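This is the structure I want to talk about, given as structure tokens.
Naming follows writing order (A, B, C and D), and every chain is counted from residue 1.
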């Protein structure tokens, strides 16, 4: 099968029988649900750019498995350059959607499972890797969307999976059958699930022997029996139900997360990629985390580009674009967004080849990238809010603008530059609002904070990867505590 | 008349005939409108605490005009201690409402107009000050709420009021009659208007002679003929229309701003406090700004207390309260909130008496207070978001929790500490969401940024008030460029 | 006796027989030693301003003990206003000396010991407080300088005083005699010792019963038998030995710290103010710490004034003073310095009366003041360094400027504004260098970091003083977990 | 000739007849001068690593001109990988010397002049490029050190070179002769001059036609007739003259800058690479600046490694290494240093090939790298100072430690961990002091601020390179002001 078009992708989703709850109701036609649809549109962009002449070199690549052209989102990283291309594709998508386009978790998960299964097999004599390759060929061939699902609900945070009062706080194997396994539990904060064909289940932390039932990695259809998706509320979500297209800020696109519950879901063995090999749980988690912490150096600078553009545009509209403090703040915003991108790129270029043959993100630099991401988008929002002015949160509604009674007054009184329609000013303010408070703020702010792990997780990895003892030795030599290096020796 | 109770206050509003538009519709019974009501509740708290035994010493004071007990919100600052009391009252209200309670603009405006009219009269031989005193006695006697209205819509930002293409971009006098004046224009970002009995109109910037029709200060009923209030949209505003009380985050309280249009509104002379004395426009603006920049050292630390408490509580619920990085982040949040309070207090304690006899905030320190306020609440939100975790923006709705199909699953899977009801966890997350993204985020974030003037305005005032030349002289003496001070001489 | 003049103060020091080591040599005439003298000059300023008509109201006060006029540095705080006056006096001295003037530790120590001894006596029936009052009357009468000495050398940081391998790592009582006690140990980082007449020894941390020999507070002459002062190295200290007055940056003034060793020093009982009452060690430490953390809101803003002035002056000299980014950076510097002052003032105004009658700094706000002090002076230095330009660290020496061979070339080529002598530019750069790298950088940077306790100590105190549980309750009420407050009830 | 050893390099310097002034005296044997020698040692390390088996792959490369192995410091960047290798070599040298090793200006200048001369010739029909290649072959063959000299003394900052009151404020051509040109002026803040064989003179800013005499680029021996080097003072420079090796902090290595005056220096035509082509001045400046702003992503992380190591080591010595706040601060230090490195790497990997064939740093990312460098090393110093404790600036001298009278007392009282010699603790504190206050602080702090241009220069370049209009278009499309992108189209 060749690459699907965006339309074909949308149609393919209609064939699924997802079990989705939204605002307390089961949603049957979720594809056309106005709250959900923008998130589906964002994913559809990943199909569109695979066909567009200008972007298809970025959005597709040759499969490492088959040599065929596949969507980059379903590919293995054949080189550091492939990780760089990922980041540039992400930035492009960020600029076009201003939100989370949801497929990166799958891509990063695929690569982490690929190399980890290779090493599990090598040690344990299992056959996960072959199964995984075969499954991935099918994904590439069908051009599917894969949701990565790692974060468990976790129960009591300081207690190991197997010691929890409720055994289901981490996804685990409840039955091993000849034809497969049955799993139970729930994954939280899962991105893009309802826009995906299949879900890649991964463990969420380092485990010990007693947790081995929790060391499970497998793949299952998003509409498998026993799967329930509960759609998370997002800021200003119901504005998508309103008439008009201004107040929602980003009318076409949005992110999406679910709490996805697995009620005794069956998975056949050829879709199982880890089952009890607890000693590889941390490898899988860390490799995935590194890839995904790197990914924030792609998407967030792209979304940041839109925010910088919006801030510059509203400054233009409001006639203050050339004020020195405005220019300074815009340059600062660019600076911060580019710093994130630079860290992502560095972790891509400085990656290394795994035993399985694909490339791994540089772990230290990927964590550095992500830790900056937990800080800079917030400052970008703050600066954009500074530039936008107070009307950002006091602006009348689109309905007021359309009102026969007060519409003209609004048009008159919110006019700044006579050449700029008041409506355009309101649109731009609404976009900035959406990015800093509204429908896409979770994509830009909270995901930057907690996606791929919270800041403390990055601090710990940086501490671990930094080889501080080697630095201490440098210091001891310079200080003359160990022998000083003689430059002439 | 004695001090009104909160109930009497609400009833008094019902007698007004406000012209309010909200989401494109004229609202008749705005007092009971679910979107508007929380903002009214926040104002009602200022009445409640004036009666409550524990707080009445804070919330009332003796009138400087009459010696009678009045609500502190309608008082003149008789001492530096009165400004300190203002800040402590604001902090208390912030802790109880977690939002903007709207009356500070009026209080600060009353004090600025009081002292400025005195000096206008002194120079110009006018009688504004006597009129103002009389009006204020009436306000104190009736225990009214006064909205301060300063910010004009401004049109092209770099062009003076009288030079604008549309002459109505700043409120101005369009007719001078024997019995009063007629004014036209619009005030933007105006806080608490629809919960107020009267509005105090003030000019928004320094003016020159050609702008003298724009140098106008007066007071008018909020339901005067020709006044139209357009209620600004706020993040997640329509959640207030939903069933349930969880998802809105702060069910009882909220802030409120309007775009208020003055279509040829008549004001009798005894309610006019400046009309053409353009040379006092900057004095009024700066004095008001100093008072109001100081005020942020009261309310925002109070709201910050709630956010610190919410972050600590969710950490408790999620079992991570004792982790060293959590404790460090909480202490940092406290530190930032207290720094704001300290700056506010310092500007109050270091104020000075005006010619008219009331006390003025220390201008330099008030600007320092506000400039910090444009930064720290954002960092407090960021830290709270860090502590809360990703569920902050992915949590199922209250309706899902109540759903017979999935409610129990949510209860099971979002349980952390077995002793803590899942619902409580959801409530606390929802509060943090409301403060950082939702209905009260504008009160805590944007108002901190732009209320009482944007950060650049504070930078300019700090530059002007700092007496840098005196500091340069210190430096020249130490450096030996001017004569060094001999410690033994 | 009346207040000493600065000259009398210097002469009074000559009568002491201090045992001082500096750069490996015993220094006999330390009063005229060019490395030490600037620090003595800084202390002399505290005498000078007590006589100068403009400052004596600030620098003197009525004794709470006797009603006589005394130097404020030897006074008890009779009111919050006295703490405010302390801060303003400190700021004035900072502006005049651009360094640490060393007497604040003594002043803050006097006040902490005064109130603590009162409470010790109250509980234990001892007579420390009367002894202390008597001693303080003598100090006030003789107008002496008292060095406060709290920080022990501490040995292994995680081990209690009495458990250390070497028992002398904290000052302790080695013998109790009829006429007094004998103490042993060493105090590190002690400020102003060699410019002081007496030293007030205080314990450095909370203690338990087994540490009771370490719970010792007493006073002794700086030249008592067994006392050895080892003068600490400071950055660029030997520039004070060079000819000329430019390169040292601050020719007249400087700070000073010693490692002071107590080799079995005898102290008569009437100079002992705690001896074994380990249960009061933490009260003394915390009260002192609060006073002294507050003090940084006085001196550091004063030193900061000089740095702001120097940065503005060099920008003037170099012709860039009006560039918008320079003005912005200067305003930022002012803002940071004033924030420190505001926090200090708030902690003074919000202090409380102790049982003994003097006033105590607000502990929470004093810690907030100090925590900001561990950050902002560094940013002030960074901004000054930005404004100054690279010549700050590449400038030729004064000797080069005076050289017949190259002096004229330097004069020609380092000229900026033709009206400004090159020498003046060099002087101003040298002052900025001294404040950020050189002789007075320890006063402005490191003392801001570690004086009165390191930042982590402030974080711990802020955590403890913040009453976070009360804030959690506010959050629970707003969230509806506890009963919501009804504004109309 | 093959690559020189470090010893041969030192001997080669002895043959030069430099005209150097230091502290007002002409220095004849500067090679062995104790103040200068550490800077020479740092350069010698660039020779040493070119021979050492572990590092020679990093420190040498094939010449793009001749194919022969040359020191990387004299090479052209044949690929992006060569710029990456530069950064890794710089980091390695930073770790070994903890200071500026001075050769990067030359390397970056060589590459900028190489590509610019190509384009000058292309437009103007000149022959600069051939001359430059020939000269560079000579440099590679003789294995020389080239100092880059760009920064002019500048006089009045807001006035163009040709309009200055004194025409010599920028280096300019005073005579054009048949055999060459005569130049006059002075270069300030020039790094490594006295350790170099030749100097590459470059213009310092964009020029207009009237400035064409100032548009001059050429090379000359550091001991050419008319060249005078005045050695800049550095913090604590004279500690290098003291006995002992502790107090200086970094005994072996240091940076170095001079004010270098060119008094009518003759340069033959084949050493002239620009002479009047003012239209290429900005190209040369920007290309050089981009290379050199990138370079800070190599050296400063390397120096930062030493500071991280020193902070970790002193924490170890003082027994607090495992405290959570210490670990957090160390991880933060690593994070900041790695962010700089990541930005440098990104600008290298994302470079582009010039018309002349060598590779150019990505200009936007290089500026981002440098702007971060003007901030993060200051925070690293602040954190190191926090970890080190107050003894950093109060420690007794090495002479005190060696003193028969007090040495043992110091040894006893400054002991922390009984297993760690007090001397080692003092050494480590002294190293941290040297990096944050002392001899190498200018290398780590001020050079990070002003080297390759001050922060405002980076802000301006970021503004210019960011293509903000393209970002505005993204924003307009998302906001629906321009046509929204249809994901299904």
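We adopt the following convention: a contact is a pair of C-beta atoms (placed from the backbone, for glycine too) under 8 Å apart; a residue touches a chain by one contact, two chains touch by 3 or more.
As the structure is a computational prediction, the values presented were derived from the model and not from experiment.
Trainee: Can you name the chain that lies farthest from subunit A, using the mean of each chain's Cα atoms as its centre?
Mentor: If we average the C-alpha coordinates per chain, C ends up farthest from subunit A.
Trainee: For B-C, which listed pair, A-D, B-D or A-C, repeats its interface with over half of the contact pairs the same?
Mentor: A-D
Trainee: Averaged over CA atoms, how far is the centre of subunit A from the centre of subunit C? Could you give it in whole Å?
Mentor: Measuring from centre to centre gives 51 Å for this pair.
Trainee: From the mean C-alpha coordinate of subunit A to that of subunit D, what's the distance rounded to whole Å?
Mentor: Chain centroid spacing, subunit A to subunit D, equals 39 Å.
Trainee: If you average the Cα atoms of subunit C and of subunit D to get two centres, how far apart are those centres in Å?
Mentor: 38
Trainee: In subunit C, what residues contact two or more other chains?
Mentor: If we look for residues of subunit C contacting two or more partner chains, we find 325, 328, 459.
Trainee: Mapping chain-to-chain touches, which pattern fits: line, ring, star, complete or other?
Mentor: complete
Trainee: Which residues of subunit D touch subunit A in their complex?
Mentor: That would be residues 6-7, 10, 41-42, 44-45, 48, 84, 95-98, 245-246, 249-253, 305-310, 312-313, 316, 327-328, 330-332, 334-335, 338-339, 341-343, 345-347, 349-350, 364-365, 368-369, 371-372, 424, 427-428, 430-431, 459-460, 462-463, 466, 468, 470-481, 484-489 of subunit D.
Trainee: Within the complex, which stretch of subunit D touches subunit B?
Mentor: Interface residues on the subunit D side: 324-325, 328.
Trainee: Given the complex with subunit A, which residues does subunit B contribute to the contact?
Mentor: By the definition above, subunit B touches subunit A via 21-26, 151, 153-158, 165-166, 168-169, 186, 188-189, 228, 230-236, 238-239, 247, 257-259, 261, 263, 318-320, 323, 325, 374-375, 378-379, 381-382, 385-386, 389-400, 402-403, 405-406, 409-410, 412-418, 433, 437-438, 441-442, 445-447, 449-451, 454-456, 459.
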